[in-house]
Amino acid sequence: MLIKVVNPNTTLSMTATIGECARAVAGPGTLVDAVSPSMGPASIESHVDEALSVPGILEQIALGEAQGADGYVIACFGDPGMDAAREAATGPVVGIAEAAMHAASFLGRGFSVVTTLGRTTGRAWDLAEHYGLSRHCRGVHACEIPVLELETDPDARKIITEACRDAMERDGSDAIVLGCAGMADLCGHISSEIGAPVVDGVAAATLFVQSLVTMGLRTGKRAEFAAPPPKKYSGLLAGFGTD
Amino acid sequence: MLIKVVNPNTTLSMTATIGECARAVAGPGTLVDAVSPSMGPASIESHVDEALSVPGILEQIALGEAQGADGYVIACFGDPGMDAAREAATGPVVGIAEAAMHAASFLGRGFSVVTTLGRTTGRAWDLAEHYGLSRHCRGVHACEIPVLELETDPDARKIITEACRDAMERDGSDAIVLGCAGMADLCGHISSEIGAPVVDGVAAATLFVQSLVTMGLRTGKRAEFAAPPPKKYSGLLAGFGTD
Amino acid sequence: MLIKVVNPNTTLSMTATIGECARAVAGPGTLVDAVSPSMGPASIESHVDEALSVPGILEQIALGEAQGADGYVIACFGDPGMDAAREAATGPVVGIAEAAMHAASFLGRGFSVVTTLGRTTGRAWDLAEHYGLSRHCRGVHACEIPVLELETDPDARKIITEACRDAMERDGSDAIVLGCAGMADLCGHISSEIGAPVVDGVAAATLFVQSLVTMGLRTGKRAEFAAPPPKKYSGLLAGFGTD
Amino acid sequence: MLIKVVNPNTTLSMTATIGECARAVAGPGTLVDAVSPSMGPASIESHVDEALSVPGILEQIALGEAQGADGYVIACFGDPGMDAAREAATGPVVGIAEAAMHAASFLGRGFSVVTTLGRTTGRAWDLAEHYGLSRHCRGVHACEIPVLELETDPDARKIITEACRDAMERDGSDAIVLGCAGMADLCGHISSEIGAPVVDGVAAATLFVQSLVTMGLRTGKRAEFAAPPPKKYSGLLAGFGTD
Amino acid sequence: MLIKVVNPNTTLSMTATIGECARAVAGPGTLVDAVSPSMGPASIESHVDEALSVPGILEQIALGEAQGADGYVIACFGDPGMDAAREAATGPVVGIAEAAMHAASFLGRGFSVVTTLGRTTGRAWDLAEHYGLSRHCRGVHACEIPVLELETDPDARKIITEACRDAMERDGSDAIVLGCAGMADLCGHISSEIGAPVVDGVAAATLFVQSLVTMGLRTGKRAEFAAPPPKKYSGLLAGFGTD
Amino acid sequence: MLIKVVNPNTTLSMTATIGECARAVAGPGTLVDAVSPSMGPASIESHVDEALSVPGILEQIALGEAQGADGYVIACFGDPGMDAAREAATGPVVGIAEAAMHAASFLGRGFSVVTTLGRTTGRAWDLAEHYGLSRHCRGVHACEIPVLELETDPDARKIITEACRDAMERDGSDAIVLGCAGMADLCGHISSEIGAPVVDGVAAATLFVQSLVTMGLRTGKRAEFAAPPPKKYSGLLAGFGTD
């Protein structure tokens, strides 16, 4: 089974970490291919970044289809381009916010999200609402560390751990959801520090896609998510045309 | 990894089928132990049956804890006793309606549930609401075959397949959710007949529990779902006491 | 008119207090029969306790049907087994959380619940949501007094009164709902202390059942809440079988 | 105990019927005073009628306060002026739609409303939403008989009975709510014809107000529903001024 | 184009201010007629005041229909009598809370309302809910200045400005909605002081009505909002009768 | 005042029609600049098309900012890229679905959407939900005419008119919302044919942006919608980088 894990930003060190976290949980028969697109933002910290990461995601899904990928993970906590990805792919597609929030809902009545910049918390609430999980989402908290500094800031681990501890307390939550793919490798550490379940969306999405593929389940293709009709594209994006 | 799949009714032939369906999807390192309680209803077709299946479920979880089970599936589509089971168990617990509905939400915008008796459709709606998935649940349809006749009625497979086909059409759904553990073995057949994804909760719950255990995730135990306080129990249920 | 008030725990002193509170409001033609089951937990402080109180509730409803009871009150704030009780009983069944929350919604825009242990607040929110009253429910607050210490802790009355006062203030509520049948006898005292309406669910449920019976109203029996189909039960619960 | 039942329209024959229905259920110690205002519409069949019935309702509440009324029923299915009435009255105030919908929610999972004119169905949905009961309200159906013809149309009883039967069937409901005070006297007949619970809001509201008064409960007066600040009124409405 | 801006209270100085604010934004071809009714409360600070302002509003709409008004603004933040006004008027009718909340929803994810008395905040929440904007409404805050003192209290501007600043901070909002027509002239000042968008409902409603009229849009008249059926009215309100 | 109306597809004849419809309602002092991006799909009929129209929208907003545009309309009924556009623009941004749905909510209790292809109806529901207007949206109906055939299919006008008539009837709606910018010029015709208000989002959005600019209102820039942080972009999209 081939699962393609798409990091929608172009920072390869982050793609490497994401790939490791996915591989750490994937089953023995599952091949994880972690990739970054050839185009798009170095990190995703705004609605603009998120929107402009979608062409790259679709590029990677087209490549995945050619490779025969069985399913896809979109590894950015804003779950960018999910509907488009589900249209474009044959196999199942799961976003890491989607997977983490659903997984956390299995672990108790409420979870708290801890993410990077405050300006992205609105998007997290939007997704919780969209997935039907806003009642389970007790709070979305920012630690104000930019995405790419997660790897370089020596205090990042400590700051995020404390933010998780505070969030649990303030929200009366049963579990933590980590709000950025770049935090995937902190999951075990934080969980043992705060003594509570901490969900990393990269692992969760990888396992949920693997589960869906194992069951032979893929996106329903009879209506909204059927392959898009052929279309002429212009200019910079002409290559995406299918007509 | 040991996953205990609890069929809350006492009909062993159904437990056997459920166990096979769970084993068919479980990973190589996962041992599936499918069990029925020593007490309770032969099948679950009413709120009374459902309520009275819970002591048996808790009995099996107590046994599972002694065995060192890593996680539990509650294999009745009414998801009976979920909150109590999460309190009582150390590892994660997932219900089959819960798993199937969440899985179906990954496959498109809407799903239809096809279940046994009309009198159980209210409970299915309740669960969809409780899990936050009522917007995704487009319809709950009964084929009016009693649970135990799923195994014996020679027309069951045909009737259920047609009910699924009709439900997709009427609801404009992207996927079907099978609304009874006793339908687990029909999943592949129906899917190929109607050309759409069909989710069996037994498989989905088994894989989701396996996923949670793989990630080291279990029910948050700091508050609502901590182990229950010690308590004196009387009469027929005295054995459940912990004081 | 005979109203059976079922205290789902087995602590008879609490049953006696509940009976008195119910009788204090019942009309002249109404006989209140306050009972405890022969089986189950001494007090209900967890999801496990609540689930295991349901067989006893159903036992008492079966007895009530034989006695010709006209309606039933389930006198535990978790409203355990409501759906099953409505199936099993001929007359109307009302839970004390249900009654108290509905009554409080007649008294203003928002109410606060004050209950015993923090671990039960999740269930109170669930019920508010289920009854459609989560918008009216402004807060659920625990005073951390175990159920059976309500009768013995000399400071209980004072602590609960202060918790009610604080809850009103913090939530900006119009009324208080007492979150435990064991608090029924404190209702008048607290109300006069804090100068605001305080709703006891035992009184409210008794009067609502009496009202329904007076109007000749009982649970609709055409579909979901029809008497359960006959069923074989096994083991410890064999006596619940009807087949 | 004095309960004032305010028919917000000025048609005295309807007030008489409403009074009889209220008295038929009130307890032995309860005096029912059914009244019509001195001003306002002959029947309430539009938002304009409803809005212009409120001055008359407030006039009657002012009179009731002078009489020492213990509680009030607003006997029009649009529940006009409820918030104002709760501010103006010392005792509890319950509307007949409010009472009927809450009562019906005790009788099963869903109810259907059968009312007079199609143009009033929007208001019924609004109220269901406002009271938190829109999930229980499965349908609102009009029989297109104007309010005052309920008393004179010889076919009214038959038409409404059939509308109730159809509504139950179409909506899969457990109970019927009659959507007009002028239907109060049809309640028993329809219920025996269709074999299902039929709720009349006049009876339900009378009994709920009686229940609240018995418990010593009245509208919370600490904030939103405190007596209105003194105010100068002009013109036709100068008499409503309190300054 | 003639837009009638109805100040539902009878304080003419406030009507004058409201008229100026409406005229300041209206297009060159738009005539704004700002009026007060001949009857009703001097200011609207309770549910009673609000209910008793509706006859005056309907009087002004009847006059407007005779004048050939193209549309109407109801200039009180409780949006009194909206449904009745929409029935009675031929052209579109927009309330100032309605307009301000919708406008604010175009400016970001969340807004805060700053209003006069705390007792009116419940109504603001009701409206947010009714318009579907409760998710956008992050908080409703009172500055406890009575409506008529907005014009006379020398500190009003400062107090309201600080309340707006605090509300933004506490709620994490993107915009402020002013919760009283009497605050209309403070809009620009507050916005420049706090550096955030501040929405005045009088301006917003005037422009939205102008927009609807420009598009030839008016209330749909095929069902609920068709002109009310003819009706006899009695007593003080006899003049409202149409029969 | 300069309002930039961005047609997110690259079909210039459609842009011309959209521009005419916007200009037909804009005030005398408003300049409407209707544009298509240099890149992207010829028409938007899938989630993929929609996602890939966003780079072109952002290109046009960047140009608009350089031109000093005061506000923006996004003229595709899927409202693509709204959050990103609000971040990128200084002035207000309104989508045509957003504007049309809000406008329709002023005209009665419920509206029906009539759109092009069935596969886009899910997106329309999503938007209704996101804007808080799902309760007002009674139905979304497709006439199955591809976007570019709206201009060429000689039967298009008739088919769409009939679809509108049917939708009103089936949904019991008060108004129609046209679900495609390419239908903008049919608005008046359909309205007079079916005798009900028909809302075109292009006109509505143009007038709402004009209204916001007139009031000096723009997107709140203190948090989520502040200008995006500088960022390096790669590959095909390198030109969008700001670092």
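Note that the chains take the letters A, B, C, D, E and F in the order they are written out, and that residue 1 is the start of every chain.
Note that in this section a residue touches a chain if its C-beta (ideal position, glycine included) is under 8 Å from a C-beta of that chain, and two chains touch if they have at least 3 such contacts.
Quick caveat, the model's predicted, so the values are computed rather than measured.
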| item | value |
| --- | --- |
| Chain whose mean Cα position lies farthest from chain A | D |
| Taking each chain's C-alpha mean as its centre, the one farthest from chain F | C |
| Distance from chain D to chain B - Cα centre to Cα centre, in angstrom | 44 |
| Chain A-chain F separation of Cα centroids, rounded to whole Å | 29 |
| Centre-of-Cα separation between chain E and chain B, whole angstrom | 52 |
| Chain A, residues touching no fewer than two other chains | 86, 109, 122, 135, 223-225 |
| Chain A partner contacts - residues on chain B that touch it in the complex | 25, 27-28, 86, 92, 94, 98, 102-103, 105-109, 131-136, 168, 172-175, 188, 191, 195-197, 199-200, 203-204, 207-208, 210-212, 214-220, 222-225 |
| Residues on chain F engaged by chain A in the complex (per definition of touch) | 10, 37-43, 45-52, 54-56, 58, 81, 83-84, 86-88, 118-123, 126, 130, 146, 223-226, 228-229, 231-241, 243 |
